[in-house]
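Shared between the two complexes below is chain A, which has chain B as its partner in the first and chain C in the second.
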Partner chain A sequence: MKKQGNIFICMSGLILAGALMPVILSQYHLYILTEIIIFSLFAVSYNLLLGYAGLLSFGHALFFGLSGFATALAIIHFPGLTLLSTVLIGLAASIIAGFVIGALLLRHKGSYFALLTLAFSALFYAVAVKWYSVTGGDNGLNIVRPDLNLGFASISVSGLAHFYYLTLIVVGATIIFCWYFTQTAMGKTVLLMRDNEKRMQFLGYNTNFARLILFTFTGALAGLAGSFYALHFEFVSHMAVSINMTTVVLLMTFVGGTKKFWGPILGVFVYIIFQNYLSDLTDRWALIMGFIFVFMVLFVPGGLSEVIVKIQQRLFGKRNDNGVKYIASEEGNL
Partner chain B sequence: MSDYFHVRDIHKDFSGMKVLTGVDFKVRKNERHAVIGPNGAGKTTLFNIMSGDLKPSSGIILYKGKDVSGKPPHILNRSGLSRSFQITNVFQQLSVFDNILSGVRSRYGLRYHFFKRPDRDHHLIEKVEALVAEVGLTDVKDQPASSLSYGQQRALEIGVTLSTEPELILLDEPTAGMTHEETVQAIKLIDKVTSGRTLIIIEHDMDVVFSLADTISVLYHGTILVSDSPEKVSNDNRVKDAYLGEG
Partner chain C sequence: MKARFLGSLCSIIIVLTLAFPVCASAEDTIKIGAVQALSGTFKDIGERYLDGCVYAAQVINEQGGLLGKKVEVIPVDTEFNPDVATRKATKLILRDGVKFFYGGTGSTVGMAMKELATKHNLIFFTCDADSASMTGKDCSRNFFRPGGCTDNRSFAVAQQTVKQGYKKIAIIAQDYSMGREAVDGFKRKMAELDPEAKIVVELYHPAGNKDYAPYVSRIIAANPEVIFTPNWGNDLTLLLKQGRPMGMNQKILAYYINDEVSIAALANDDLMIGNTGTEIYNLDIPTEKNKEFVAKFYKDRGYYPTWLRGKSYMATMFWAEAVKKAGTTDVDAVIKAWEGLTYDGPAGLWTMRACDHQAQMPYWHSEVVKENKFFKHAFIKHVDMIPPEDVEVPCKETGCNMPK
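Up next, the complex of A and B:
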């Protein structure tokens, strides 16, 4: 109960802080913060697969980019559409792709699953590169954000502050729902399947079905992030569906840590801020990021969130014999 | 209802190795039915087939008048059949409470819900508490399964098996690794918690088997030697020769 109260205070604080950001931050930093929020959803969705379900996917960018393209194409080819309709079109595309690909991958786990996702990702990437007339090939697609139509009023989100607020509300609320999801029947089912899938089957769970639903759900979440990515940069190209983009989300998730819900969000913060900082300093930033990743995997496999939890335990003397609790245990989630 | 559960001419071979060579027996509703037989006789394999874990090479299984051979475990569970494992097979990282909850919520249809939280459902919580108490684990209900003693783990294994409120219960050596005294206690518990339901149990302790079971099926070399009342089985010459004679 007390914990619930704490979460509430934390949330309220975050929402208040989020609302004040356009006043506090420069345009440049607000731009980066918007990017961070969008990638946070992408990374959280990735971790629902990796950390919660134990599924290593190399194809997650497929949904991100597909939805980004669908939103961009909707804007280009149907000029009258409102912003939320174009987002919904992106979402629909990623849900359909998630369901179809998920149905094909359903029975595979472990390295087969990883390789098959990689194959699908390569397929989508090839299409994005070659199908020049639709995807713009190497040039990508430039778009202009349409207005947000709320029925009673039409609001322009061409300005950064307005778009930031929209992102904060829609993407932020989705991230909060993802946290809630980990507490729901389906969220718990996913965790238990990782722990002991066989026993779940003998308790009446159709684990293949559950995996398909989860895969589709995380694809849809990545899709929502991808639509906002396209809207934020007012641009989308084959970069968004590339293996590179999957690597980025994988790095973010790993750097932050897969064992806590908020780990990947922390990872996104660190990754994007670091990347911006480093890319100002040197052209070799990608190389340095690579080294950091190798270092993290070798020496801090639990990610930054694990480091923080350990420090917390030292400081507040909260003894926990199992060390850092895994997400499977009841309290470890926040 | 003699055809409540009917195993008919089940064969199973693993890439050429014949483990079951025509298994036949019937279980009546509300019966306590024991399956005995030496190690490696194929008892667990038979359970794996009956619970949907393995498909038989041939033969059928009639459950409530329907052929269920080859049906997946989750479908069988939903039709009221639940099994335990010879080697404890629970959620090691979860508390006793959450272990039981995983089955209870499945029984009440809360498997994939995106909005409802099972741990906030008072009806489910009451059911879980009651079952935890029944298997005698109330004192340790918030402890992770991995921290339990061996006996407690075995009790939890039974609790998880019962958590979907099955009408037909398959227990695979629930007392494996226990002393005779512990076994007697465990069987008392099993007798209590499965009353009013159908029980098929694999058990080694002969005293216990003869006091508990209404019917005993003896599995030997992949087939059922005899399936009858304890008195008849203990007087059967083939059984004496093949199995009891050794011990």
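Up next, the complex of A and C:
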């Protein structure tokens, strides 16, 4: 009971803090915070593949960018559509792409899987650059956020504060749902599949099907993040489907850590804040981020979340709530 | 345990969020965000543009500032990427209250910046991004171009092509909006001036391309009399460096043949001599104002205000004239003041057309020669001036429907 009470208090604190941000923060910092929330979903979706299922994908930005483009195209070509309709169109595009690509990749694992995702990513990137009449080529697509029509009321989200609240509610709820997913039987199956797929097959699980569902699901999550990315920046270009974008989310996930559900969210925080402050100081900020990545992989493979867990263990001991000793990496994800 | 973890996480998130410093924008300076490619393949281009803008701000400040305030140039590295450019520019808008942006090397960056300026009701001006559509079908009241545009340039090059009697022309351009629009303008004008002239090959390569062998082979196979290219920076240098030894010996009719860095990088003057270009600013423009500008710049910096520096200087000075005329930094007032304004600078008289915000200006035709008074290597020599009316696109033909 006490534990549940603490979680409730903590969640309430987070929601209250989130609700107060437009009052506390300047416009610029609210803008950054919105970006952080969107990328948090992107990174969480990536970690479900990498950290939970052990699938290294170099094509995750494909869903992110595809959905961003689909949302932007829906806004441009169907001016009467409401904001949520355009998001749903983006989401549908990423689900279809996730299912089709997932079906083609589901029998491959390890480096084959990684290389095939890279190939698909390159294919989509080429289409984004070359299909000028649809994607705008190098110029990308500029959009204006449509209003949020709830049926009984139409709310303008052209202002940053309104869009922030919308992002906080929709994207925030999706992140919470992702956490819930990791607690479900399907979520546990993914973990077990990563650890011993053969055993899962002997137990009667169709691991290929489970992997297809996971791939489609994470693609859809990345797609939702991509839609909000396009709406936030009111712009989407071929960079959203590029390998660079996948590298960014990979970096965010590694910096935060793949072993905890909240690791990638922490990674996004650190990455975006670092990126903004470092880019003020030097044009070589990408080089510094590269060094940080190498450092993290070599010396802190569990990411910042592992560091926090270790500090926490030093301060509060290494026992869990039942008084039983455990090892963080074996504990799995929160 | 989990609750404790969550508690720690909540604390970290809240502390990190509240740790954002809140900045106030100072009103004692007029800020220009100079969005330029300051890293990557086109770093050198972006830095020279920035240098010209910074020098203009220095001159303005030495003369007592603008409306009694200092002009401050804030460099923004776009990494030649529209996403990065708009993200960083948004930071300046929201955090520092910057109302004026200049630059946009690469029309893709320019296009994105134009849209950003329109959304936030700011002013973005450029002499870097040349795509005609920016002041054509995609024009904006918040965007001004005190610089050349692909239509005007291509018209000028087409005139030179016809004048010199070339009939078989090869075209090679960067595969992005500026390259394609440059070719489109050239072909339109050629069809009008000499319908018998033939484009024997038309090639597009990615901006920042490194291997030109496949393109050069096709040019050689097409056997043209002359090659037209709107390429710039490394894309011009490498085309010549790799193409000449392969046997691509035809004369080049270019936009930006006046790039001293490209000529020096070739390290072989013979690859360049005889090629021609058409630009809005050259070092040897024979006006008194230009001679004075070049001398003053050289004295201050120890090098010449070549090409990009000169253009950038004049564009910034033209903007300053508009602010001066408006008597305020209010965006709407500056927009109104700039429309129809003229600027008599080192490169002749420039007029900012109200119908599309495209400056009308003379173009300067030049040829690369061995002997010159500026550099030890080959450099351009002034040939003639093409008056604005000769390359003008009438307002009704630009496709611009200027929003009020």
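Just a few scattered comments:
Quick note on the criterion: the second predicted complex is superposed on the first by the 314 of 334 C-alpha atoms of A that agree within 3 Å, B and C clash if a C-alpha of one lies under 4 Å from a C-alpha of the other, contacts with A are read in each partner's own complex, and residues count from 1 in each chain.
Simple rule for what comes next: a contact is a pair of C-beta atoms (placed from the backbone, for glycine too) under 8 Å apart; a residue touches a chain by one contact, two chains touch by 3 or more.
These figures come from a predicted structure and were not determined experimentally.
Number of chain A residues touched is higher for C, counting chain B against chain C. Within the superposed three-chain model, A:A17 lies in touch with chain C and out of touch with chain B [touch as defined at top]. Of the two partner chains placed by the overlay, only chain B lies in contact with A:F209; chain C stays clear of it. By the touch criterion stated above, A:F316 is placed in contact with chain C alone, chain B being left untouched.
In the superposition on chain A, A:G80 contacts neither chain B nor chain C. Within the superposed three-chain model, A:N196 lies in touch with chain B and out of touch with chain C [touch as defined at top]. Once the two complexes are overlaid on the shared chain, A:G151 sits clear of chain B and of chain C alike. Counting contacts as defined above, no chain A residue meets chain B in one complex and chain C in the other. Residues of chain A touching chain C in their complex: 2-3, 6-7, 10-11, 13-14, 17, 21, 24-29, 31-33, 137-140, 142, 144, 233-235, 237, 239-240, 262, 265-266, 269, 273, 276, 279, 283-284, 308-309, 312, 316, 319-321, 334. Looking at the complex, you find that chain C touches chain A at residues 1-10, 12-14, 16-18, 20, 22-23, 38-39, 77, 81-83, 86-88, 90-91, 94-95, 107-108, 111-112, 115-116, 119, 176-177, 207.
Contact residues on chain A toward chain B in their complex (touch as defined above): 181, 183-186, 188-189, 192, 195-196, 198-207, 209-210, 213, 217, 326, 328-330. Listed in rising order, the residues of chain B touching chain A in the complex are 51, 53, 72-74, 77-78, 82-83, 89-95, 98, 102-103, 105-107, 110-119, 144, 160, 163-164.
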